[in-house]
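Please go over the structures that come below.
Shared chain: subunit A. Partners: subunit B in the first complex, subunit C in the second.
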Partner chain A sequence: MFVEIAPPTLAEAAAATAAEATATRRRSVRGISRLLGRGVVPYLYLAPALGLLVVWIYRPLVETAQYSFYSWNLSPTTPAIPVGWHNFHRVFTLPEVGDSVLRTVLMIGLLLPFTIVIPIVVGLLSREVRGRARTVYQALIFAPFLVAPVASAAVWEWILTPGSGVLNRATGLKINWLHERVPALLSITGIVGWQMLGFAVLVVAAGLASINGDYAEAASVDGASRWQATRWLTLPLLSPTLVFLLLTTVLLAGTWTFPLIDTLTQGGPVSATTNIYYLLWNYGFKSFDAGLAAAAGVVFFAAFTGVAMVLVWLSDRLAFHDN
Partner chain B sequence: MRRPFTRRSLSMVAIAAATAVSVLAGCGSPGGDATQASSTPAAKVPELGKDQKVSIVFESYNFGQAGAWTNTFNDLIGKFEKAYPNIHVTPQKPKGSSPNPAADTISSLQSQIAAGSSPDVAQVGFSDLDFTIHSLGAQNLDALFGKDAVQKNFDGAKYPYAPTARTLADWDGKTYGVPFVFSTPVLYYNASLFTKAGLDPAKPPTTWAEAETAAKAIVEKTGDKGLYLDCLTKIAKDWCFQSLVRSNGGRVISKDRTQLTYSQAPAVQVVTDAQRYVKEGLTPVLGQKQAYESFARGEIGMFLETSAIQATFQKGAKGANWDLRAARMPSYGDKPAIATNSGASLFVLSKDPAKQRAGWDLIKFLTSEQAYTEISSKIGYLPLRTGLVDDPAGLQGWAKENPLIVPNIAQLDKMEPWISIPGNNYLQIRDGMMDAVERSVYQGADPQSTLTAAEKQGAALMPKA
Partner chain C sequence: MALAIESPLTDDRPAPGTAGPAAVAKDGDEVPGGRSRVMTVVGHLTLALLGVACIFPIYWMYATSLRRPDDVYNTSVLPWPLSVKSYSTALDQLDLARLLLNTTWVALLTAIGQLLTSVLAAYAFAVWNFRGKKLLYLAFVGTWLVPFQVTMLPNYVLLHNLGLLNSLSGVIVPNLVSALGVLMLRQHFDSFPKELLEAARMDGRSSWSTLWTVVVPNLRAPLAALTILLFVNAWNEYFWPAMVLQRGNLVLQLGINSFINSVETEEWGPLTAAAGLATLPIFALYLALQRHVINGFVRSGLR
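This part shows the complex of A and B:
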């Protein structure tokens, strides 16, 4: 049997589809907003930090790259003249740039004993000290790190003064520490090393504390001497910490040395303490050669990125998971 | 644990990149607007109205030097505000951390101008003249206040400026700055050491050859050091080196300021001589500040220096009980010694007519007879209105008590200006030159080849004609 059903009119059909569509749309809008909400909210939380990162780090970076193709003296009344790759050509041909790179490497090399070798020795030895004495001991070593660089520079200037300075009087030397080429370089790195030692010791102490004592115990049960346990267990387990210290020294040597160079020697005598960071600052903010400073900045940004990548890769390879 | 995050972190990177691009799009092309610099008003700036209150900022490195410098200048500003009750002056020192606040002058002005607010009146060194006029936008005083008014200020109420001092801050015949404080190179000497070494302290050396002989006598007989020229290091800048080279018949830069000429024979000779003083142990290897402290303690026989340091020497001489005297700068053989000036001028940087007028009032006050009387007697700077030293009401009494000023005033007659190096890279060029000089004199580098190499580098930085 056939039951006749009136065919739906066009209007009805349209209404039905419309209603259906609205429903689906409402559903999908709700869905999308829920989805979006779920996806967007975390980013909204991140936005302030990201925004600041972009404004203070990435934007200046891009601007620096831009400036490197111009000749400009940073004056708002002087137009910047595009000069193509000329600034980069200067970076690679100026002898003072090459010299200061060499001095930077030298400074980093001279800092490494202070940020790696001495901290290991101090860290291992201070393990022997127990209780309160240990805290006092560590605090004493950490103290220089808390002294403002400019203040310590003033004190060191007195210590190093030729004639009446404590150092020359104590040692009987007649060295004009801050005004002879090699002594000036040694003084700057020595002072920075003295200051950073506390920080490095603290990092090494933290690294040592995180090493499970069971290893050493197990080794001594197996008859390993103290030295053997240190050499074959503690040091390898400490290696990620040491790579971290190496990385910090290489990347932050410039930041650490800068205030001391600026207050004690201003890069002299005859550029003997001008490292690449001080040279860059000199180009940019003393001679107002914004283009050259930017070009050098870009080159060294790239170079240090490369160095950092190698070191991070190294630290990943050395990383291990205790427990 | 890492993988699930990959997609999300990717999208995060995308969002970050998008934001970055949108922010960075605002960067545009770098550089300033040249039209800003050229918009000098043609009309003269009107006088201030009776009730018109104006407040201006005055930047000077004198406010960065504690003691006589800051005290004297604060006192002068106080007197100015009393005389001009409608004008309020905010004094400030250059921003920066250099041991010598004068070294921060340009970078401080530059950064303030870049930030959109420059001081209204500034004290800027002669070495920066070209840059101050062409890049920092120092105002043309002739155009703002009329050539007559500017010249009238130089003529003064009673005592005019020394003729050689008037035009030091002029450019192409127009006055941009009013020379304010400066010195010529003066040979200060320790008369006590002279006597000890068997030399006649009444007859200071007049040539460098004589100075070298005297220095040798001092080193041999007293064990102290012979002489120090504060002209041969980067931190000393080039004013006094220019003077030495001029005295030896050369120049560090050609007369038309288009070519560096400091690798030519006269300059090389100056550097070679100075290097010999170091090699023979006559000149101690000391930094600038160490050297003048050492001289103040009485450990060096002769010292070529600006009178700005005179107060330090006097204090040291009094403390260590030795006799400080001054002589004219020695000459090279029978060539005439040519003194150049150190120091600074006052410039109007403001673009606002009322502040420009107030700034000009301040400049007029600070360069008046009254102000110079105070500045010279309290700090020791050269009174540019030289007539003051003969005026009983002015500096006559002071000058009588301070014979140290005599050679400085005598050298004013034939003084030549400290020439500023042109272009945006002038500081790099100047520092490169002085670095080469220091390297040769104090570190034993070969003068000719070191100066030639530095000059070649400097030449590449000179503005293209």
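This part shows the complex of A and C:
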């Protein structure tokens, strides 16, 4: 390993042999420490990230699971009273929980066109367009992703203002977008969709770029029409990307919508935009019902784990793999 | 593209021998069934319309902010005559220099910290086989299953006990690991040519020096893309800073938000000016580095 080719003089050859001997000894010592170390090394590289995960994600998760068996109002001076499964019982019987779950599902469903359908169309059409124009389109569609939620809330509030906002004035509609039940839900998902579209388009572009061009060539040689090739070749090869987008939409819809709900509608009107994440926030920091918030959090965590496992299982079964 | 020419390794395709550079560049660009003029026109039209629709709210934000206070309700597409009155009103009430400095500092440290922990973890996953690898990888993926609202309260209590509430470190420390970073980098590290790692080992390089002298320099493009993504995320973060920094609005998003809440709701000029100012640095960064972001992403072959 460290032995260089020795020049052919005797003295140097002898020195080289000696050096080699020490090197061998050193190597064997190194070998032992490497054997000992080999098992440890990957864990050392993982340690910083894992340590942080444990402290800031999984420790709090466990603590939340503990809170869920207590009744506590978050105040350091009042003791937490153990209540057994009572909080879980409330989670499953309170009608507002069921309503918020339905609304969450609805929001996810309304987001899917933005995170899957339009990105596929954009991705396929982008291949028909070349050069600078394509870069410009991509940049325009990606730009909203860069706008901070606080800023986009301000802009959209202005655009959606009933009397003077540009949307109603341009279209002649008279809708109070943020203060009527159905329009408010549509507005929130529309704004989030507008922000996330750029991200999804980029992911689809990445998926399309990773499809081997040989397939397309083979299809052309076989005389496949454009539509046939897209339907039977491109889309199946893209399916892992689409499952990834479905999974991110389902899991992260709550995180994406939360800041906009909080700044624009505060869950209203009449809780028309209260999804499960906003409900958790309400329980914890508005009703100061830490036990109920924790129990709901644990239930939602379990439910999302289940959904994610089903999706991953489905993608393994259905995905049409390149290799 | 320029990066790919500089170093062929930034291209993730592991077997350059089997496909010439021309074939690599054409990958994914190849339209099955050939090109047609009709589809090209349809493509241009659809994408241009969508692009305009996407950019319009952002344009409208800057257009409104640049109108004279009397013209704010004007719906003419071009804001004319221009005026910076809204900006001066917003700046009178915002300590912009301090907010920018604090936010840059927070976003930079967060992004660098996340990048560092992600590089190390992704390297471990890509290079070694070890006991519990799958489970530990799942631990990273699993963070997406834990809603922020679940970890918020215990983390708040811990920060309180550490004495980090109302400090910028309190914003940074809990966010030093990014699951997205680990997942994205692992893809790149996995497809890194194994022969190069083997060659470095034969040279007697330790795994540590292999990482910094062989792997990282060859993956500059995706690392740059990820850094920008993490920086933007940290810059736009709102809720955690809002919880930690309850005394005083130390970062930009909080300052803007409290300004937005403090002005009369009908003062759209200063409001859009403040929102525009909060977004401007990110747009500048993006325009300067746009090629790297898109390329880094598209090449990542996220699957």
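Heads up, the rule we're going with is that the second predicted complex is superposed on the first by the 280 of 323 C-alpha atoms of A that agree within 3 Å, B and C clash if a C-alpha of one lies under 4 Å from a C-alpha of the other, contacts with A are read in each partner's own complex, and residues count from 1 in each chain.
One rule holds for everything that comes next: contacts are C-beta pairs under 8 Å (C-beta built on N, C-alpha and C of every residue); 3 or more make two chains touch, one makes a residue touch a chain.
Note that the structure is a prediction, hence the values are computed from the model and not measured.
Undergrad: Identify the partner contact of A:L173: answer first if only subunit B is touched, second if only subunit C is, both if each is, neither if none is.
TA: A:L173: touches no partner chain.
Undergrad: State whether A:A206 touches subunit B only (first), subunit C only (second), both chains, or neither.
TA: second
Undergrad: A:V117 contacts which: subunit B (first), subunit C (second), both, neither?
TA: After superposition on chain A, A:V117 lies in contact with neither partner.
Undergrad: Tell me the contact category for A:S287 with respect to subunit B and subunit C: first, second, both or neither.
TA: first
Undergrad: Going by the contact rule set out at the top, does A:E63 touch subunit B (first), subunit C (second), both, or neither?
TA: both
Undergrad: Determine, under the contact definition given at the top, whether A:P162 touches first (subunit B), second (subunit C), both, or neither.
TA: A:P162 sits against subunit B, while subunit C stays out of touch.
Undergrad: With both complexes superposed on chain A, which partner does A:Y43 reach: first (subunit B), second (subunit C), both or neither?
TA: both
Undergrad: Could you say whether A:L106 touches subunit B, subunit C, both of them, or neither, answering first, second, both or neither?
TA: A:L106 contacts neither subunit B nor subunit C.
Undergrad: On the superposed three-chain arrangement, identify whether subunit B or subunit C touches more subunit A residues.
TA: C
Undergrad: So, A:Q266: does it touch subunit B (first), subunit C (second), both, or neither?
TA: first
Undergrad: Identify the residues of subunit A that lie in both the subunit B contact region and the subunit C contact region.
TA: Residues 43, 46, 50, 53, 55, 58-59, 63, 67, 74, 150, 262-263, 290 of subunit A touch both subunit B and subunit C.
Undergrad: Please name which positions on subunit A make contact with subunit B in the complex.
TA: 43, 46, 50-51, 53-55, 58-59, 62-63, 66-67, 70-81, 94-95, 150, 161-162, 176, 178-181, 262-263, 266, 268-271, 283, 285-290
Undergrad: For subunit A, which residues count as touching subunit C in their complex?
TA: Within the complex, subunit A contacts subunit C at residues 1-2, 39, 41-43, 45-46, 48-50, 52-53, 55-61, 63-64, 67, 74, 118, 121-122, 125-129, 133-144, 146-152, 154-159, 164, 166, 169-170, 194, 197-198, 202-203, 205-217, 219-220, 224-230, 233-234, 240-241, 244, 248, 251-252, 254-255, 258-259, 262-263, 277, 280-281, 284, 290, 293-294, 297-298, 300-301, 304-305, 308.
Undergrad: For a test of understanding, state which residues of subunit B touch subunit A in their complex under the given definition.
TA: On the subunit B side, the touching residues are 12, 15-16, 19-20, 23-24, 27, 29-34, 36-37, 97-99, 106-107, 110-111, 113-114, 116, 135-137, 233-235, 285-287, 290, 424-425, 427-428, 431, 435, 438-439, 442-443, 457.
Undergrad: Report the residues of subunit C in contact with subunit A in the complex, numbered from low to high.
TA: So the residues of subunit C in touch with subunit A come to 23, 26-36, 39-40, 42-44, 46-48, 50-52, 54-55, 57-58, 60-61, 64, 73, 75, 116-118, 120-121, 123-125, 127-128, 130-131, 133, 136, 139-140, 142-155, 158, 174-177, 182, 202, 204, 207, 232, 235-236, 238-239, 253, 256-257, 260, 265, 268, 271-272, 274-276, 278-279, 282-283, 286, 290, 294, 297-303.
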